[in-house]
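So that you can tell them apart, the chains are marked A, B, C, D and E in the order they are listed, and the count of residues begins at 1 in each.
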Amino acid sequence: MIKLKKIKKQFQKNLVLNGIDLDVEKGDVLVIVGPSGSGKTTLLRCINYLERPDEGSITIDGFTVQGKHASKRDVLALRRKTAMVFQHYNLFKNKTVVENVMEGLIVAKKIPKKEAKEISASLLEKVGLAEKMDEYPSQLSGGQQQRVGIARALALNPSVILFDEPTSALDPEMVGEVLSIIKQIAKEGITMVVVTHEIDFAREVANRVVFMDGGSIIEQGSPEEVLIHPQHERTKRFLKRLVKEPDYAI
Amino acid sequence: MTSGLAGWIDLFIKVLEKLPLTLLMLGLSLFFSIILGVAVAVIRIQKQPVLYQLATFYLSFTRCTPLLVQLFLVYFGLPQLLLAFNIDINGWDRLVFLIIAFSFHTAAYLSEVFRSAYLAVGQDQLEAAYSVGMSYPQALFRIILPQAFVISLPNLGNNIIELLKDTSLAFTIGIIDIMGQVRIILGNNHGMGMFQIYVVISLVYWGTCILIESVIGYLEKVFKKGRVSLSRQ
Amino acid sequence: KESDDGKKVVKIAISDEVNPPFLYADENNEPIGYDIDYLKEVEKKLPDYKFEYIWGEEESNLVGVDTGKYDFAINWFFKNPERQEKFLYPEHEFGYSLTSLVTKKDRDDIKTLDDMVGKKFPPVSPSGGLRAILNSYNDQHPDDPLTLESMDSPSNAENLKMVDKGKADAMFINVTTFNEIQKELNLNLKVAGIISKEPIFTVYSKENAELAKEIDQATVELTEDGTLSKLAEKWFGVDFFQDLEYINEEGFNFEK
Amino acid sequence: MLFSIINLEFALEQFPEVLKGVPATLAIAVVAMIFGLVFGLLIALCRIYQVPVLNRFFIVYISFIRGTPLLVQLYVFFYGVPVLLEFLNEQTGTSFDASEISPLIYAFIAFTLNTSAYQAEIFRSSINAVSAGQMEAAQSVGMTTAQGLWRIILPQAFVVALPNLGNTFIGLIKATSLAFAVKVVEILAIARIIANDGYRFLEMYLVASLIYWVISWVFEVLFAVAEKKMRRYEDRAAGEAA
Amino acid sequence: MIKLKKIKKQFQKNLVLNGIDLDVEKGDVLVIVGPSGSGKTTLLRCINYLERPDEGSITIDGFTVQGKHASKRDVLALRRKTAMVFQHYNLFKNKTVVENVMEGLIVAKKIPKKEAKEISASLLEKVGLAEKMDEYPSQLSGGQQQRVGIARALALNPSVILFDEPTSALDPEMVGEVLSIIKQIAKEGITMVVVTHEIDFAREVANRVVFMDGGSIIEQGSPEEVLIHPQHERTKRFLKRLVKEPDYAI
């Protein structure tokens, strides 16, 4: 479904992606973990070409875009196959919550306004924002904004959804909610790439895990393999910190 | 009127001789109007009770009436008014009155430029400044205004160039600036050679304008650091 | 109004929309011309005063006199009752402006303003004495007014060219100005008729009666002793204190 | 003191006469503003996206238009077009008559070209004040750049631009008096013509100023209301927290 | 150290804080948990008066400010006693990383520039940003920005530090780092209020926990009491989601 070949990206002197190769199958939920600054966000942004890779190629759904030189039309086609949940949410400031979700439906998918509104409303209800539909993003709490971002991406119903730390501002309850939504849409065959720091969440949601560090993929495999029995020294060190037997229970 | 190359050069020199005076008027007026403009913008944003109403009235009056009238008010009216309090400022240089009038005029326009730029900076920056213990003035000068300044630069450019051309009104009260020089030459010739003279004056203004634009452009480049905008590509 | 070397300073507003040879600027932008020579003669006669000249646009100068910023203003100020209501005029003129209609050389149908009813003037300045004469004509002939088109600072040279090209029928212009321009452009034009010999004055604010009177007195003396006539000869080549007939014969060579 | 000089009765009498200049003033200002908005926006976009040839061209255009006096630009059309037409007539045997072109047309053209250069700079700065993340979000939901601009960026940029557009428009209203140089008789021109007869400049300037003020004030209010409406989404008006 | 009395705050019709009373002792690390939108951020913002409470009073370090009407001087004094790590980081966009940290030292604490720079550099090193000192916030990854925010607050060395989800964008490694920093400065007697969604983190760092919902404090006590053996139904439900025996180990 997604095929990245030798993606390289450099900011000034800083080599952020060092030739990433990646394959994701249809319906996969691929989780990317890794230390802060390792290039996870940059990789995600390269997939829908918000960041122009210096080298390499991107294939989604059989449609290939060459890294450095892509025509506007190709880029647009690529983006129409994907949706993204941003690390900083990036909600449309001048649109209300429900308009934020509807916008892509109306403009890119040409769905009639009324229908778009219905779809949006039902999604917003799912993420617990039914009451906030007509407010502006500036009036929302952090977690509420994040949920609007999630709803906005889900509404598009694309082939691929890219999540950049979609639960960072969510409470455990909400995390569970999002978890079950993701699992459900995975069943419908939508491919997902999820960047996250929450290892528990990663284990629950992923069917494949990639561990990145310093712009390279260090290790990949099933959640079992990478998160529970990592092979690589760096991965072990990364995961060690929080490993303590939890002693709470209800 | 001599035409030919010598005529052109002669004309140029005559006009250029007055350029320093024009630049002086521009520089001083600009300096004061920036200070006043920032003050008015902040007052209007903060909605300080009495000051807000005053500032809004000032803004309305100064923006909405002709600059010429304001120049007359300052040059002819102000001395009369002060004379009633036994203060005689009739002896002041005309340049002083002119700069007062122009500063007040331009400040009104600049205050709107700064207000919109200030509001574009975003409340989060102010809050961050507060959170590290800055007072409002400190936050204003260290965090908000530097960012607002970048946003306002192109508009600032617009207004500086407008001011440059407004300085030609100095002629009305007899200060012979570049435009005044041109009109005297034109008058001495009974309006003949208008084409040549307007070419020269346009070139001199344009040259000055290019100078202003390059300073603004340079500042835009320098201060853009750290800001991401659509035109970063 | 302070003293400098014991003399009273008199602030005189002079128009920087210059108008040679009455008043214009030399190389250093110092004022010269008939007006200035006249004022210098006056100053000699009034030992208590020291004259100071201040450039300014005519409208601005009048506002300045009005508000007391200047003691008086000099330019071609024509007298009319409306203006006398507002400003103080001295009794005696210090010179004349000869106004004329200029047409193409081959036209004979235009001699007076009456002939211009229904015909076309080039654009006229909104202010100044010429405009005032045309306006007062229209006030006196409300049924057959002249058609006037106004324009900010129209160029005399451009306007004359319009007449030359037949885009306007005649231009109402000061004879001296026409002659100066004609020297340069040599258009196919002539003075079709002198319309008036318009006395010109200095203008004071009503509060300045005393000064006005003293200067008026000096003006009378200068006129009587022939000083002003000499100045007129110097600047205009003709003594316009003589009557029109004499001027027509001896003075400007209209058919040149 | 000033008021003892001013003859209020006279001023009042002349008011209706000066009001006759309002249509010309408004016509020029509104026409120039509307076309200026469109051109200004297009120019700004060309500059932001650095459209190859156009970007260079418009840099020079903006510089030239801003750098030369509006009066000169008016003259260029006023004196230039007839010469051009004459030349055309000679060359092609047509018979255009320049004197039939209303001076208002020259004013429309010159003022529109002039203001569009200024408005281009206004839009450029306000578009750049919108954070780039907004465009990324638009693109991430499948919008084209044009759609993102139109639906997301410009509405936000417009809010930033409004106070500056207000400046420009009010400036424009007053600048229309320059059109008198090409025979368009508007508020200030009428006032000056009337003033000349009796040298009542103070009175007539007062009348003209008042009329300008009232007209501009109406627009000032309209702009303020529009800004308030459009800022709705910002919620926390900056400066509210003490 | 901190004493809140009957803090109320309403946005339009939305009552966000419903009369909060809170006492925090010197050197306490108080953790606030609660669902998204429950008013945690708003409460934190009220403490340093970024949000003006509608009612109630705030006392820090013996210095009291009345809710609705506070003079500018009082507010400034209050703010000089506190520092804050924002949920959205709020870094100074026009300052480099190191300048962001120095700013408060130079302006509010009047520390000479050179010294301020040294302090800042050593703190940035602690949070792993030594290399990024001269970059602008816009060039940083999410986690890097968050760490600058943390360093900026720590540098001020105030009586009270308010953390709004300080680890939301951090990887487990970095979370451990921040945890140990917080513990260390708590020992130095600095009082901290931490809003977080990470229950593990909360358990580690807190010596007192408050559970908020719908603008009220539902339950408070030791981490044990609130997070492991909660009394209240709502708290139980909130914590239930992620409760699963972790089955990974290294």
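Operating definition for what follows: a residue touches a chain if its C-beta (ideal position, glycine included) is under 8 Å from a C-beta of that chain, and two chains touch if they have at least 3 such contacts.
Just so we're on the same page, UniProt names per chain: A, E = Arginine ABC transporter ATP-binding protein; B = Cysteine ABC transporter permease; D = ABC transmembrane type-1 domain-containing protein.
Owing to the predicted nature of the structure, the values given are computational and were not obtained by experimental measurement.
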Count of contact steps on the shortest path from chain B to chain E: 1
Chain of greatest Cα-centre distance to chain B: A
Distance-maximising chain from chain D - centres being C-alpha averages: E
Gap in Å, rounded to a whole number, between the CA centres of chain E and chain C: 82
Centroid spacing, where centroids are CA-atom means, of chain A and chain B in whole angstrom: 50
Gap in Å, rounded to a whole number, between the CA centres of chain D and chain A: 47
Separation of chain C from chain D, taking each centre as the mean of its C-alpha atoms, in whole Å: 38
Shared interface positions of chain C, touching two or more other chains: 59, 63, 66-67, 158
Junction residues of chain E - those touching two or more other chains: 50, 72, 88
Multi-chain contact residues (two or more partners), chain B: 72, 77, 80, 127, 130, 228
Interface residues, chain D side, partner chain C - complex: 1-2, 5, 7, 79, 99, 178, 180-183, 185, 189, 192-193, 195-202, 205
Partner chain D, residues of chain A touching it in the complex: 48, 50, 72, 76, 79-80, 82-84, 86, 88, 90-96, 103-104, 107-109, 136-139, 152-153, 156, 158
Residue ranges of chain D touching chain A (in the complex, touch as defined): 133-134, 136-145, 147, 151-152, 155-156, 232-236
Complex contact set, residues of chain B against chain D: 45-47, 60-61, 63-69, 72, 77, 80-81, 83-84, 109, 112-113, 115-123, 126-127, 130, 151-155, 157-159, 161-162, 165, 168, 179, 198, 201-202, 205-210, 213, 228-233
List of chain E residues in touch with chain A within their complex: 11, 33-37, 41-42, 87-88, 128, 139-144, 147, 165, 168-176, 197-200, 203, 227-228, 230, 236-250
